[in-house]
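In the two complexes below, subunit A is the common chain; its partner is subunit B in one and subunit C in the other.
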Partner chain A sequence: MTTTTRSRSPYPYWFYVPAAVIYAVLFLLPTFASFYFSLTRWSLFDYKYIGLENFLSFFQEPALVKGFVNTLIYAAVTSGLKVLLGLPLAMLLTSRIIARGYLRSVVFFPVLVSTIGVGITFTALMNPEHGLINETLSAIGIEGPGWLVDPRYALISVALVDVWKGVGLATLIYIAGIVSIPQEYFEAARCDGADGWGSFRHIVLPLARPATATVIILSLIGGLRSFDLIWAMTRGGPGFTSDVIASVIYKQYQAGFYGLSTAGNVVLFLAVTAIVVPLFWFLNRKEVEQ
Partner chain B sequence: MFMVSRRRIAALAAVAVGAWVVSACSPGDLGSSDKDSQATTLTFLVDNSDPTVKTAQGLVNAFTAKNPTIKITVETRPQGSDGDNVVKTRLATGDMSDIFWYNSGSLFQALKPEQNLATITDLSSAGDIDAAFKTTVSANGQLYGVPAGGATGGGILYNKAIYSQLSLQVPKTWADFMANNAKIKAAGIAPVIQSYQDSWTSQLFVLADFHNVSAAQPGWAGRYTANQAKYATTPAAMRGFQHLQEVHDADYLNKDFASLKFEQGLKALADGKGAHYPMLTFAVGTIAQQSPDKIKDIGFFAQPGDDASKYGLTVWEPAGIYVAKKTNGAKLDAAKKFLAFVASKEGCDAQAKAFTPSGPFLVKGCTLPADVPGAIKDMQPYFDGGNNSPALEFLSPIKGPSLEQITVEVGSGIRKADSAAELYDQDVKKQAQQLGLPGW
Partner chain C sequence: MTRRTGIKGFLLGTLTIVVSAVVFLVPFAFIVLTAMKDRSESADLSFSWPTQFQFMQNLQEVIAARDYMLIIAFINSTILTVCSVGLMVVLSAMVAFVLQRRRSRWTGLVNFLVLSGLIIPPAVVPTIWVLQGLGLFKTMPGLILIEIAFGMSFSILLFRAFIATVPRDLDEAAIIDGAGPLRLFFQVILPLLRSVAVTVIVVQSVVVFNDFTNPLYFLPGDQNATVQLTLFNFQSQYATQYNLLFMNMLLITIPPLLMFMFFNRQIVAGLTSGAIKG
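Then we have the complex of A and B:
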């Protein structure tokens, strides 16, 4: 195919106009407006240009350092566990087992449930005095921790619920990756005397790499901007101990510091970009080299 | 194929037009003038807490019974900072209800009253409203609101049955209070109830201590607003944070303080599982509803400080009822008529009938009904004796948004009092800058 034939599209360019208008009005305009408002002190009724002061005070925000560290922990824990649990689950659910279709839907089901609903349900289950989890533990003689109210465990408890809710999607992506591996490879490996572990190590793991990359990228982005589950379960508490960047930003917005919270969103946008773009490039490059 | 897509377009168009018609016609417009030219319909936005909704509905019912040509629809919004944003957004977009219920003091000032609210300085009953309250709903000498509900005391709700069983006296100093706590703990009862699952309840030891701050340091609020006084560097102001740390360090809190909610805390107090609950007196009405047989056991005293001779109560002014600026013509007249009714003896009686008042009404001629719970009657001596001061948020526009997280940290032993006071001073700075106050 030559370049001349490619440039002559059968459709005129103004076909793009409706989509472009919607994109510009609903995405580009607010995005650039937010870059501007992040440089103002904004009260909804009026605004005043103050330069980079919002960014300065956002970075001086006492909860921010904690929020940054927590966000990274949360993103790493959730995406790590989703890979570690998703791959074995996918292996299990692609093998010949009884009720495979049923088990697949059981694993996927939590993905379909509303995050806020999951958060509220688990808040009740994790109640230290009356929650089902600690009551079950006490029946076998273990005194369970205050999952969500103990500053040491609050963030990890929420992360575990996030994994419970999100592992189904990771499993689904892995299942798609594994079933797309041609059966011939497995047959050839069996002829060469490979055992189950050998074919997992040398066939599934390398060939499911695109699936791993997708799972890591998706859950890392999800983890970095995670908000709804944390807000439903702890509101960043107790105190500031489970605050993440998004909850710090939301609290600024709640307090009526609209310029400051917009600046926080710009920072979050840049931070997510700075982490995800190189990672994406790294994971995809490896794929091409192989 | 062609037919299908045309049908689809028609259906889409119908949906779009329908949505446009619905959105262009807000509930307030329905039936206002066309069919029934006599009736004026007003919308009234209130927060969705039980006391507010019941009081508002009681006011509306009493008013419309007297004025059958005016109809008022009560709408609700969330409480707390989510509700603040609803109010601000609706005002900024010109979509506000005709009248609305909102805090007085610093939150009222943040609404830019001159720009967004209708002035009611010429209201017929304006002269009957308590002068101190009027300053909290006025801007540039213009009056914008009437008091909704009674004054509220901030202090300590206590269980009188436990007090008489252990023959304790109501404390006048913090040392007496802690001595009582030691005896209560020895009797196997939690001395102080805290409920950090509703984190706003953690702020009371700091906020209700303000009478003691202004008794020790008159004029502190003014210096604080001007960035000349700080919590961390004023020992009297720091006491509130220290008190919170002391009750935690002495292990005086209920065991489940981190997971308890506000209503559960009230229940624990009424049931005698805990002896003290630092709280605002509007909670008394909730106790009266959820534990009617135990309400006689509940009493109230102001938060004690270091000096018994300066003992007194920190008072929260009532919220206000305001008229949005866009309300005009017949609706504005009707709205003012309603506000005048709220600020009258009949209005007070309607409110007291609808829900247990949180304290004395601030309108001339209004009295509390004889059957109010004992905890509310306990407030009267502080008003009669004159030993009360307004809470800081009515003397200064600055209130940091993170106070409740900071006090949860202190009460849970995550952070020490001095570090908390410093952190709160930083938190307050953003608010002062947002308001554009001089000196920050």
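Then we have the complex of A and C:
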């Protein structure tokens, strides 16, 4: 098999070339360039090296610091809720209930709908005076919060909509994980007298671990770089209370501060790598040990 | 045992159907209802039955708005989706094929790059800088290449997982029959990848069609608008025309809806197998 000469292998390296060229020019090159340009004052036509000034202003201006903190909160809330809701939903949708196919479709469909559309729709539904959510709440005697116009709740409100849109994917990944658990395990547990909770605690939870790892990592990656939904719903407002790094990048880009915008990109890159890579390593390592 | 879970399942199912209808279907009902209202009624943002239906009138107004921008946007989005997904499928399948079949010192590096492409957020302004240098900024080919570059990692992972299940005996038989690499790949392997290719095509089409950020950055300008950007047509500082906005939303949700209805199974199968094995 491997005796074929290098030049005449049936699996030639040049199959990599077209993809590699596009990837290198449009992804790798800009990523490496971002490290240099984040150290400059940049107007696309000329640039001036200014050292770490962009990063200093990134961590000194309250608006930008807020964006950084919000990004972490947003990613943690969305990925946490997707795990907490996705697993029970997947349990439910793999059990024997009626209309299972319909339910799976309904839960999954929002994943495929345009994020901007979802954002605009929920902005209307979350309207403090006329929106359906607060109308419903007031009908049962609760005064709903201002959601997107209240600085305290704006970010969390957007995060909840993100969960509404994305929980279908988490559920789907969990369903695949649960379905792949051999049925004999559950039968054996039942013979040993385990109740529903017992088999959940000792069979589903440990064996769905790869699914949990996937859900957490995917939603962290998505949550940390999230832009469309926040832009469609609040544009970072009120004020800059719901800004995240990705929206700061866009705002600085629009304002013509390309160096600062690129510094935002580098900060985002570092945050994503610092959070996702160790987690990836940790979750996969645990799996191997078992 | 079965009977008991049957009754419990029925009750639980009914409850779930009601809850899911409220949580997941009401927002879609809201879109449809608002899209049929007249302008002043839609401005209420209330979830109510329209007193006066003007579906056709809204439809015409949305299509004609800003010199038929929606039509142009649909054409642009179609070109973007078809070209980028088509190229992405062929290029990623080629990479995945060699990556899975030929173990060498490159394998580790390529795997690392594929994962990096999945994790690292693209740097915006430097990408614009590169595109400008190539003369591709604000052009459709530029955006097509961008979508390919950013979407390739996920496609490669899906293809690689599937190619691992294609027996190597087939390769060897083809090689003994005198097939070169190109014939081996395009005439023997690629036809076998049909099911996973459908998954990649469907999933990536929905992603590219729904993409907002990349067109916003890399293809600005009204003449270049893609469908997601048209949603901002009816939002203005002084008055938003909600009936037209939601009609627009309804129209651009139809293509993903059709994809979902016809390819539900492939989407689900592909996303889960890629996510778990990849």
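Note that in this section the second predicted complex is superposed on the first by the 280 of 290 C-alpha atoms of A that agree within 3 Å, B and C clash if a C-alpha of one lies under 4 Å from a C-alpha of the other, contacts with A are read in each partner's own complex, and residues count from 1 in each chain.
The criterion applied here is as follows: a residue touches a chain if its C-beta (ideal position, glycine included) is under 8 Å from a C-beta of that chain, and two chains touch if they have at least 3 such contacts.
Computed from a predicted model, the values in this text were never measured in an experiment.
Between subunit B and subunit C, C touches the greater number of residues of subunit A. Once chain A of one complex is fitted onto chain A of the other, the partner contacts of A:N127 extend to both subunit B and subunit C.
In the superposition on chain A, contact is made by A:Y253 with both subunit B and subunit C. In the superposed model, A:L218 lies in contact with subunit C only, and not with subunit B.
When the shared chain is aligned, no partner comes close enough to touch A:S138: not subunit B, not subunit C. In the superposed model, A:P151 lies in contact with subunit B only, and not with subunit C. Once the two complexes are overlaid on the shared chain, A:G237 sits against subunit B while remaining clear of subunit C.
In the superposition on chain A, contact is made by A:L44 with both subunit B and subunit C.
In the superposition on chain A, A:S57 makes contact with subunit B only, while subunit C stays out of contact range. Counting contacts as defined above, subunit A residues 44, 127, 253 meet subunit B in one complex and subunit C in the other.
Those residues of subunit C that touch subunit A in the complex are listed here as 5-6, 9-10, 12-14, 16-17, 20-21, 23-27, 30-31, 34, 44-47, 91-92, 94-95, 97-98, 101-102, 106, 110, 113, 117-132, 134, 145-146, 148-150, 152, 156, 171-172, 175, 179-181, 184-185, 206, 210, 212-213, 216-217, 227-228, 231, 235, 242, 245-246, 249, 252-253, 256-257, 259-260, 264, 267-268, 271-273, 275-276.
Every residue of subunit A that touches subunit C in the complex is listed here, in rising order: 1, 9-13, 15-16, 18-20, 22-23, 25-31, 33-34, 37, 42, 44, 92, 95-100, 102-110, 112-118, 120-122, 124-125, 127, 130-132, 135, 164, 169, 172-173, 175-177, 180, 210-211, 214, 218, 221, 224-225, 227-228, 231-232, 246, 249-250, 253, 258, 261-262, 265-266, 268-269, 272-273, 276-277. Per the touch definition, subunit B reaches subunit A in the complex via residues 81-82, 84-85, 88-89, 91-92, 110, 112, 115-116, 196-197, 199, 256, 258-259, 401-402, 405-406, 408-409, 412, 414-415, 423, 426-427, 429-431, 433-434, 436. Subunit A meets subunit B in the complex at residues 41, 43-46, 48, 57, 60, 62-63, 127-129, 146, 148-151, 235-241, 251-257, 260.
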